[in-house]
Structure formats: C-alpha cells, structure tokens
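Here the chain labels run A, B and C in written order, and each chain numbers its own residues starting at 1.
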Amino acid sequence: MEYKVLKATITKEFQVRLRAYPISFMVGCILTSFYTTFGAWLMYHYFFRGQLSDSFTGLTGTSDYMSYAIVGSLMYLFVVRTCLNVSRTLMTELWEGTLESLMLAPFRRVAYFLGNMLLQTITTFGETAIAAIIGVVFGLRIHEFNLIEFVVAVLISLYCFFGVSLILGCVMLYTRNTYITQNTLFTAMFLVCGITFPKEYLPFGLKVLGSIIPVTDCVSIMRASLLGGMPQAQVVKLAIKALAVGTVYIAMGMPLMKHAERIALEKMEG
Amino acid sequence: MIEVRNLKKTYDVKRRDGLFKSHREKVEAVKDISMRIEAGQIVGLLGINGAGKTTTIKMLTTLIEPTAGSYSFDGLDAIAHPTEVKKQINMIAGGERMIYWRLTAYENLWYYGQLYGIENVILKQRIEKLLKLVGLEDKANIPVETFSKGMKQRLQIARGMINDPKYIFLDEPTIGLDAVVTQELHEEIMNLAKKQEKGILLTSHYLSEVEQLCDYIYLVNNGELIVEGTKRKLTDFVFLRNQYAFSTKGMDEGIYLKLKNHIGFVDKDADVSFEGGKTLITSKVELSSKLAEFALDEKLTINELHKMEPSLEQAVIKLSKEMQKEKMA
Amino acid sequence: MKYFLKVVWAEAVKQHRNYFNNWTIYISLFIWPLFSFLSAYYSYSAFDVDGTLISYINGKNILVFLMLGYMAMSFFRSVVQSAWNFSRERQSGTLEYIYLSTANRLAVLMGNALSSVFESAIVMLVFGMLIIISNRDSINVNTISLGIVLIIFIAMALLWGVFLNACFLYSRDTDFLFTILEEPMEIFAGVKVPIMIFPAWAKIVSFIFPLTYVLEALRQVMLNDASVSSLSNILFACIGIIIVLLSATLFTIGIVEKHMRKTGNVVLF
C-alpha cells in the first residue's frame, strides 16, 4: 500500500512536470544560484578587492571566501528547490481543486510527501550539479574532500529539508499564500543560516533563530566535508544536533499538516 | 437590432506532443451561425456543452473576432467598431467567480461603473437602484465572500446592468442554482426584456429554462444551427417529444419486434429501440395507454412503464439525424 | 483624460480593497526586503569595508548606502507579487469583464501599479527613513537635486510596475519572468554592490534595469551632494527609459487585444 502510493505519486508528479513545466523552470533555478554566486564574486573581487576582514578566517577555518560562499549558495539552492516543490504540492492541489479528492483517498501522508521529495531530489541533484559547474568558474575549489562526511551531509540534509518543507507547507496551507510565505522564509534562511557569511556576525536574536533552523548545521557539515577546516568531533556534534532538530520538525510537521489541511478545506467551503 | 450572418470561428490550437514537440491544429468552434436579437426580445441559444455557445457569445460581445461572417449592431459594423458596441452591451455569466469576493457589493458595482466612465452622481443613483432591483440593498456594504450562491448571482445581474446596456448576454446564468433562486432569476430576466425593453440573448442547456423564457430559439450543435424558430414552432420539434421506457416480464427480441410493429401503426415517425431488456420509444404521440393495451392484448405483465421528460441531449441527437436525412434527400 | 483618471483611481482602490485588506500584508511585504537588506549588510562584515574603491563610500555611510539601495528596490520589486496576483484575474474571470468594458487598458494597469508600488513599499520606506535620519551625520544631501530625482524615481517605479503588470498579465510562465526580470535586479542594478566597479560585461547587463540609473542618481544626491548638472547624463537616460517603458507597454496592450480577439485568450507568450 505504502509503496503503491509512493510510486503513484512519483509517476503523477513526473507526468505533470513533463507536460506543464517547460525547460525555463530549470533554467530559472540555475540562474537563481548564479545570481547569488555572482553577487559574492563581485563583492569579493571588485567591491572589496579581495580584502577579507580579520575575523573571517578565524570563524570559518578557511581563507577561500569564494568556495565558502559557493558551497553555501549550492546548499541554499538545494533547500529552496526542495521546499518549493514539496511544500507547494498541496497548495497546487488546493488551487486546482484536487485536494478534496486526494484527502478522500485513504493513503498515508508520509508516502505522498516522500514521493514528491524523492522525485524532487533527483531533479535537484541535476540542477545543483550544473550550478556547481558554474561555481567552479567563479572559483569553487574542493580543498579536503571527505567522502564519509559528504554522504552524511547529504543524508542529513535531505532529512532536515524534508522537515522544513513540511512546516512551510503547513504555513502555506494555513495562510493560503505561497508567494509571500515562501519568499519570506527563503530570505530569512539566507540571512540566518550562514549561506554567504558566518552567522556569528549576526546579532544575538538572529543567531538563535539560525541555530534552530537545521539548514544552518547542514550547510556547515557540507562545508566541512568539502573544504575541511573543522575537527571531526565538531562535525559529529553538528550532525547529531541537525538530526535531532530535523526530527523535531518532522514530528511536529506531520500532525500540523493534517490540521492545516482540514482548515484549508473548511476555508475553501466558506 | 443585432444581426449576425454566417459567423464562423476557427482556432489555431497548439497541441503538445512531448517536451519539445508540438503541432498546430485547426479547431472549428463555430461553423455557421446566423441569428438576430431585437430590443425587448429574449432569444435563446440552446445546445449541449461544447456546442459553440460560449464562442458565439464571445463573438457577439466583441471579445473575439469571427474568422468569417458579418455582424451588424443597430446598423453599425460591429466587427470594425468593437468599442462602440461595448458601450451598449454587457454580459452576465453563471457561476460565482467573476466578481471580487473581498469587495462589498457596492464596491464591486462602483468599480465596474468607473470602468465605464459613468459620472459619480449618476453612478451612485444607479447602484442604489440596481441593488434594490436585485434585492441586495441591505447587503450593500458586506463583502461578497459572505454571500450565498444566489446572492452572488444576483449581484452579477446588477453588475451586468451597470452601464445601462441595450443588449444583455446571459451565459448559462442559472448554472448551479437551486429551484427557488432560479425562479427568481427568471422573473428578473423577464422584467429586463418586457419592462425595460432590453434585448437579451440567453444561452442554456436546460430545455425548460429556454422554453419558459425565450420568444425565439436557436438550437446549435457542433457549431452549427440545427433548428430555429419561435417557441411554438420548436415546441413541436423538441419539447413535445415524449420518451418511454417499457418492459414486460420475459421481454425478448420477438416481443420487441411485435411492439415496434404495433407502435408503427400509431406513429410511423416514432423512434424505437431495444436496450438492456427494455424498449425505449421517442414519439410526439401520447403512447402510455397504447403500451398498456399492448401488454394486455399479449397477456404480458408490465415490469416498467415509464414516461420521461424530453432531454436536450436526445433532442439534439434526434434533430441532427433528421437534418442529415433532409440533407441527403 | 477625466475618464482615464477615473479608471486609474478605481483600479487602485479596488486593488487596495481586494489585496491590501489587512495589516499583516504590509508587515510581510516589509520583512522580506528587510531580510535581504540585513543579509547584504552582515555579509559586508566578512570584508574590510574601508578597502573599497568607491570614493564616497566608507565604513560610516555604508549602512545608508545599502539602505537606499534596498529601499529603492522595494519600490521596484513590490509590484511583482501584486502583478502576479493581478494575473490571477485571468482565472477568476474578472479580467474578461475588464476587457468587456470600454475602460482604457493602460489606465487599468496603471491604477494597479499605483496601488501596489506604493502600498507594498510604504513600511520599508518608513523604516528606511528612520535609519537614514538616525545616521544623518553620514549623509551629504543636495536638496534641489533630490526633489527632481524623487519625481523621476516615482515616475519610473510606476511605469516599471505598469510594464511588469502587462508582462505578467499576458504571460503563462510567470515564474520564468520573475527569474529574468526580478531576481537579477538586486545584483545587476547595483543594490548591494555599486555598478561602477562592475566588469564591463556586467555593466552592460545592468543597463537593462531602470533601477540602475535612478538608484545611482539617488545615491549621488543623498551621499555625494551631486548637482543636477553633474547628473544630467543619468537623468536624460532616465527620461529615455520612461519613454521606452511607456511605449513598450502601449505596444504590448495593443498586441494583446488583437491576439485576444483572434484566439479568445489573453495569454500572449
């Protein structure tokens, strides 16, 4: 049963995407990543002429700003794409009027979302790979590649991003708004999750916000696996923390989602 | 007077075959329609879904341009002068969208009034008059989202009259409404034509609605006129065709053929068929007693003898067949 | 003319009632540019700010420099989500009634932009003013030039809104439009990095965005006491762009109306 739902979701989503989404959709995502990278590049090479502040290396363990920022922006691309699709799926169903019939079918939500997520992961890997090639042009260099850390980073990231998507999906269903909700969350993540600068620069309140969004730790682990500069014990500590926070998100997201769906349908009737 | 002749609309549709491939296709939404609407008259445009009603209405409202044909609006060439036409027409569609739900009834009407450039003093009076006309004067300052379906539909009517149009196009105005509201709406529409001398075109796929309201009726199918005429003329054609379902215990092919023969004596034009153990008959003649007689004569026990209201689908199918026969002849 | 203004006003009022119908919308429209602003500001911390090449930027006024950028951008950017909202009128059927009326189409687009441009940016504007006032010792304003630049700024923001409204209303793939017209603005229009230091090819890209010119003028008059004559090139460019935007919009409206009458569909591209 679970497997069937999973398979059906993947097939359906794949068909919808193939028919309704032109290539421009993918181009758009890669461009988004390009703009971020390009912005960092301009800032570093042209605006400040390669002069980093004294605190940067101490905080990040690297003096390669471009690699630091590009890994951050690739991870950002990954989380945005995942969230965008998984969270928006139900909203799309609501708009197209298929949510009601979906809810009538007695399937498990987890399988439905996992199906979406799996398909999205495959597409996103492709997009991120292309964005990474652009990153190399702008100065992305792998300094100390650690395969085990990398695999751990990918798996934990997928787990955590799924949790974040669930919560975002609830907010969207509840507010019945995708545009403002998603962009506010994305810009917030860009600010507090250490995407292009270490979160230590932020004031206290924002730093706390950054540490309760698991994306922050995922970005740090990914950086450690590619650029090094972080002791193994620290990586393990971050991984455990991300796992725990991600679990909290998923544990909260599932029941919340059910609640939000019900409210969404009630609102639709009224 | 509105008069269109040989209207035709062909769409060039792009069909997607795959991620990169697509091809173009010509779709004939309307093949050949000629009609006429006069002030004070309610004209019905009747047809099943996809018959070309909406495309016809969009051409008449100048929203789309016909591929071929002529359109004269009070003597003016409407295809060349859409803006002049727009001043004197409006459209009311069924369904609840088409108005701003977060605005109040008054605000909706005010907004559309401004789009027509109506002087504020006149507009204010007109809105009040219209709200009263559709019975929403107490709800003027309440957001539309709290309205019931019927209230939203009544607001649509007020909106459709905001520019005091000479001609009104009603596109399936009663779709999804219950019987009471529908009845109210029908009275409203009668009022518009008979008391206010508006020319009205009404599309519908409900036979009874058209029968009740329209002075003159056009029946379309597949983008073509099948038949037109006054209500009286069409009554013969469409409305008075009775449909019977008849079955007896142990009904088989043999009994059916006998029955068919029997009916042929009474009405040689009757349409008789045998489906799923039942005989289905369409006829202009009242057949209930004849069928009962048949069962009695043949000593059969009646399982079912059922008279049905004529449906539009059947009328269309039947008339299309007759048209084709006529053409062949 | 009176009819034109009536339609502009009616559309602005409708948009206000229909979309800006509660205070949370103002707040959420503020939070988003605020976060972008903060991200840019804190990412500067990774660098040695006094090492920049731009003469009139220093560690003291960089906050105002950035604030001006994000404030100005919020005017140009705000229109997107409401334009996107406006494009939903296609599905809800109300657009058809607008087309059924005799109203001037440009007036409708303009009324919509008027409401969205100013209402979306209002909280950011107030916030920006507060930041600037509290840092007033770091600015160097030329008041007369500022007045002129502001008028041009408003005209441009409004027409950019009208132009985007037209694009969104008549396009199927609005996400893509957003990616090519909106996202790069932050980088290429010089919001967080001044365009003067751009490599040549990036400078050429930046000339596409109207915000580039008017933002440069705004910063010059706010931070560098620039006179009108010293800005004449930029200001002429701005007026040129205003004309281009207006003609492009009128041209699009004309084509769309024709296209719609032919196909029964307002979606053009």
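By our rule, a contact is a pair of C-beta atoms (placed from the backbone, for glycine too) under 8 Å apart; a residue touches a chain by one contact, two chains touch by 3 or more.
These numbers come from a predicted model, not from an experiment.
A.B. asks: Based on mean C-alpha positions, I'd like to know which chain lies farthest from subunit A.
C.D. replies: B
A.B. asks: Give the chain pair, either B-C or A-C, that is connected by more C-beta contacts.
C.D. replies: Of A-C and B-C, it is A-C that has more C-beta pairs in contact.
A.B. asks: How many angstrom between the C-alpha centroids of subunit B and subunit A?
C.D. replies: Result: the chain centres lie 52 Å from each other.
A.B. asks: Measuring centre to centre with CA averages, how many angstrom lie between subunit A and subunit C?
C.D. replies: 28
A.B. asks: Could you please state the distance in Å, as a whole number, between where the Cα atoms of subunit B are centred and where those of subunit C are centred?
C.D. replies: The separation of the two C-alpha centroids amounts to 47 Å.
A.B. asks: If we count contacts the way the header does, which residues on subunit A are in touch with subunit C in the complex?
C.D. replies: 22, 24-25, 27-28, 31-32, 35, 38-40, 42-44, 46-49, 51-53, 55-56, 65, 179-180, 183-184, 187-188, 190-191, 195-198, 201-202, 206
A.B. asks: Which residues of subunit C touch subunit A in their complex?
C.D. replies: Answer in residue numbers: 25, 28-29, 31-32, 35-36, 38-39, 42-49, 51-54, 81, 84, 173, 175-176, 178-180, 183-184, 186-187, 192-194, 197-199, 202.
A.B. asks: Where on subunit C is subunit B touching in the complex?
C.D. replies: Within the complex, subunit C touches subunit B at residues 3, 6-7, 9-11, 13-14, 17-19, 21, 92-94, 96-103, 108, 260-264.
A.B. asks: So in the complex, the part of subunit B that touches subunit C is made up of which residues?
C.D. replies: It comes out as residues 11-12, 55, 58, 61-65, 82-83, 86-87, 89-91, 93, 95, 97-100, 102-103, 107, 110-112, 114-117, 159, 163.
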